[in-house]
């Protein structure tokens, strides 16, 4: 055990920090759930890419720097510590990217990955269908082979920011006789293709954060399929492991708001201390963020040593989503009556982004597999309890 | 709505208070989970009975005073407020007593109820069987009719203080071909009968708080059956309603420890306040006891008006058991390192009965129907959600 | 000792509930929120016709002369149906304050009559609230100045709008100048009335939060019974059942806390402030949990604008901190319970008279 | 940056675990507790043969010269198998203190050698603990007097027994007279060592609590998988699954908190106290939840003396408040985190060197 950073790691941290100080926009970008903000974020991603800081773990030839997971953690610490903009293309970069690296042909990798890293292509995911929810295998959208094309009909939903994106990836039933996990193929579909209709879904905050995507005889060439025909489930699952879960929510993403929560608490301490549970909640949030970060470093060490990481990723999901709720609930308690004010309300004061974060945190225990499902997974796969 | 006590109610309160001041033993009785303590409590119950304060809601002719539920609440407030001894014969008085009143013959009532009120007969309950747990209908002990007797074979378990008691009541399978809720009869069995063997079960605290009861060709006359043969389930269920749940745990039983918790907190406030969650927990415990008491008065009012009380009794069970845990957890937090000391430890100081209470509170969410089962009942019967 | 409601109270509640069910459906509310003022004079008139505005107005002013106890039922209906702030602020909180003014206030009787008939809209700017709800369209706003009470006509105030996450809220910063022309009570008379108004406002919010909790529970139960996953209604899964059972438990146990507080306020108990604050926190907790478990049970659907749950969740998050936030009310409870000589323990449930 | 254990550390842990599994089965522990001293010299000798007593003793004194990091694994085994206090108090906490004594303390080397070979039993009376564990049969007790360290032989102390709910505990009030003959360090030398001993004691307890949590989880999983109700193993019910999943989560996330603290202590980090206190609270929470959900899953069986769960629950409830109760450790965390200029946020995870 050695909990110090190597000179190389320190130098990397210094480089990232210096670049961010120079480049992070002073003014906050507009919400990426709006067209305007989406394009602002695309520009920012392009800038990151030009500095080879967009996908630091990707190989050099794809525009990354071949960093290991520890360096990635350092990058994330600096990134969130600098209050840099939220990452807008993560569905592509974190979900599809690793899948392509493992299952894509050389041609597919070259075609899609650099443009993804640069956010020239913005990707939406097409996992959910209207009647599926947490049941990912409930796919009824069909992709019927017709020569060297698939003809897609069906509907996907809960596709984050699909209203603004360029491509969607997802599972489609290529064998119409199949059911559940069988007979699915993993396809990439341009959102400007003929027959694609996008209907925005307004989120809680009134913004077009999601969309439904309707496919009406949409033709995509077979070279847009990742992995073998009918093997889509295997492809989708193979990269759904722990590492990806960790990448989705780096510890820094919670350490930074906790730091701000402590500042908020201190700024309002006299009033807040009249309810002793607030100070306790602030400290619990800090302890939670510490534990989450320590667990990440510990896991990164174990992965480096070759350990298999299994159902722990489900614990991770529960921990970060509940931590995020706790952080924002506590901030709202401190803000009291002003907490309900929208950004830009004249009397908002330091309400800042806490309300938006509070709303977003409500989704945490639901998406990426509802926490109830994660608890089942822990109990069945990690503890070996019998299925219902 | 009128939240004042009538002059009659005030007079009753004054009378009870005066009697208790005069009579509550100055020295704490020994634990009723020991033979010595059990007999001390029996004596105390006898004294209560002589003052017609043993079963205040029972009719005059059975040794009670025909009080209504509001008067009973007042009695309980005074009783717990005076730190009077725990009631040792509640299994009989609260579970069997009302059953006898509703389903017993006149002869049975006269034979059993006054002796029960006076604790001349101490009753153990025989609901659970080894493989049953929360599944009360899993009865396999048999009571086979042989002329004007039943011949009982089988085993009951978790029978509270059966090692010291005089009688047991419970359900036995009188129709050997039946299953589940059918073919059960409700029988009363003297524990000194031939063929009865009692094996104490040591509880967490090392005391013989429970026992297993083995029946080996035990003969009981048919006049010891309550209700019709084969109708035992109906008899047992008919009085398992809300009112009885309320009687089992009167609000005063939690208001009094909360009062003491606040005293304990104040005595240790400087240290305790270093962990702000303690003050918060103390106040939550107070708020919980208030809400529980208010709910009891509200329910008593609704019962008086003729409302049907249904699955709310399951909410009640959850609330008091979790409240009891909270009260004692918080006390243990305040006591810190001394909390683990047994009564009588020289350095125990004001550890008092908190540890015993903490241990007992652990059982709350388990007995009288585990809280998981109660939540199912609320969801299915009160909210109408579908069964699994 | 009788901790129940009269038949009159219960019948009136049921009538209001039936009325609002048809007249204040979510689609109608959404339409109203889209309007500039955010309020519907038409709906308000209809509500007045039902007699709700007259609930606690004295009979001598054309009212029904019921009190806080009756309002503890009605505010639940207002919450359940998501009725905007101005109604309770006018008919309950302001009416209570005006009713308690000395007879020497010349407008008192007229105002009470106008409230009862539904022709007056009053906003109330208590110092505990940083902003004033609905001041932009109130005929006048009751405002505090060093304990004094001022009734300030719309023309004499400037308002600055502060948009809330709850689309039904219209929150205003109010700018005004105290003058003897607007003063209706001096500080000696006014301060106790402001204190009472705070308790009444807290109870108004508590009742609404409880109604909101029930609404979110009902929506969630409906959803869980219908929505299928893994081939079964999600409501058959134990985790979902237990989420919703916990919400039901919180609601059931908050009710009597609210009712006691209303009784204490109506009867001028010395413990009215303690009881009101406990009601605010208990009902707030129930609603907060109902929102959290509600959205969890609804899954992604609960995170959308189109599913009605969001309307009631957002109103919950807003009202939780209205008329005193949780910190304020918990501190009041803490101060009272931990004070020397506080009457605690069995037998002290209904407080000092 | 390498947040993992060496192969040596992991191999040693496995060996100790295998050894204790057979030698310290619950039945054996129950028998030991029934004895007067509550301790088994035989078991202790066998443990010494395994080398555990020598773990952090310098090689020059016949030890293995591993440190707090290795102990963070071993204490989990001690907890998992419910090994009594005197072992960790001697081989870890006291050994650490003695090792840090100046060479001028003439007995130092001899004591270290005796600890390593398993022939010495030391109790330690830190002021944070109101009572001293196992002082009744320790060869000597390390005691504090205004910052000084005294090594007081058994013959020079009087003990008063204080029975604990944890039958494995032997808690003594120690009565003694400080004298120059027993003093082994003055206050200037002693106080920093007492501070270090507190952190080491806290980590010893934290590791044991984590081991206890794992034991209770394992017992509960076994029980839930076998016990049937309503015709199914209770472990197939979602409520039971979720209880145990939550325990597993708490355990997994407490581990790295413990390991960082051990590292900080071993390397003399300025944040060692903060990290140790956080470890104590995190492991305590895991164990506390494991006890609560453990007994809940066991149902009435968990409330009995005969089912082993009780042994580990009661030890949990006792150790939670040992070497600083929760209030003490939470206050230390609070003071550090809320202090002006505390280094918080991304990039400060491993503290000051």
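Order as written gives the chain letters A, B, C and D; numbering starts at 1 within each chain.
Heads up, the rule we're going with is that contacts are C-beta pairs under 8 Å (C-beta built on N, C-alpha and C of every residue); 3 or more make two chains touch, one makes a residue touch a chain.
The chain lineup, named per UniProt: A, B = Acyl-CoA dehydrogenase family protein; C, D = Acyl-CoA/acyl-ACP dehydrogenase.
Predicted, not measured: the structure shown is a model, and the values here were computed from it.
Return the chain pair with more inter-chain C-beta contacts, choosing between B-D and B-C.
By number of C-beta pairs in contact, B-C is the larger.
Can you spot which of B-D, B-C or A-D is a repeat of the A-C interface, where more than half the contact pairs line up?
Interface equivalent to A-C: B-D.
Averaged over CA atoms, how far is the centre of chain B from the centre of chain C? Could you give it in whole Å?
That pair's centroid distance is 40 Å.
Using the average of all C-alpha atoms in each chain as its centre, how far is it in Å between chain A and chain B?
52
Which residues belonging to chain D are in contact with no fewer than two other chains?
Where chain D meets two or more other chains at a single residue, that happens at 237-240, 242, 330, 334.
Would you mind listing the residues of chain A that make contact with two or more other chains?
Residue numbers touching two or more other chains: 275-277, 279, 372, 375, 388.
In the complex, go through chain A and note every residue touching chain C.
My answer: residues 128, 131-135, 138, 158, 201-206, 210, 271-272, 274-278, 325, 332-333, 336-342, 344-348, 355, 358-359, 362-363, 365-367, 370-372, 375.
Give the list of chain D residues in touch with chain C in this complex.
Contacts found on chain D: 237-239, 242.
Hey, which residues of chain A end up touching chain D in the complex?
For chain A paired with chain D, touching residues are 1-6, 9, 13, 70, 74, 76-78, 80-81, 251-252, 255-256, 258-259, 262, 266, 279, 283, 286-287, 290-295, 297-298, 300-302, 304-305, 312, 315, 318-319, 372, 374-376, 378-380, 382-388.
For chain D, which residues count as touching chain B in their complex?
Within the complex, chain D contacts chain B at residues 129-131, 160-166, 169, 171, 173, 227-230, 234, 237, 239-240, 292, 295-296, 299-300, 302-306, 310, 313-314, 317-318, 321-322, 325-328, 330-331, 334.
For the complex, give me every residue of chain D touching chain A.
Chain D reaches chain A through residues 1-6, 69, 217, 221, 224-225, 232-233, 235-238, 240-242, 244-246, 248-249, 252-257, 259-260, 263, 267, 278, 281-282, 330, 333-334, 337-338, 344-347, 349-350, 353.
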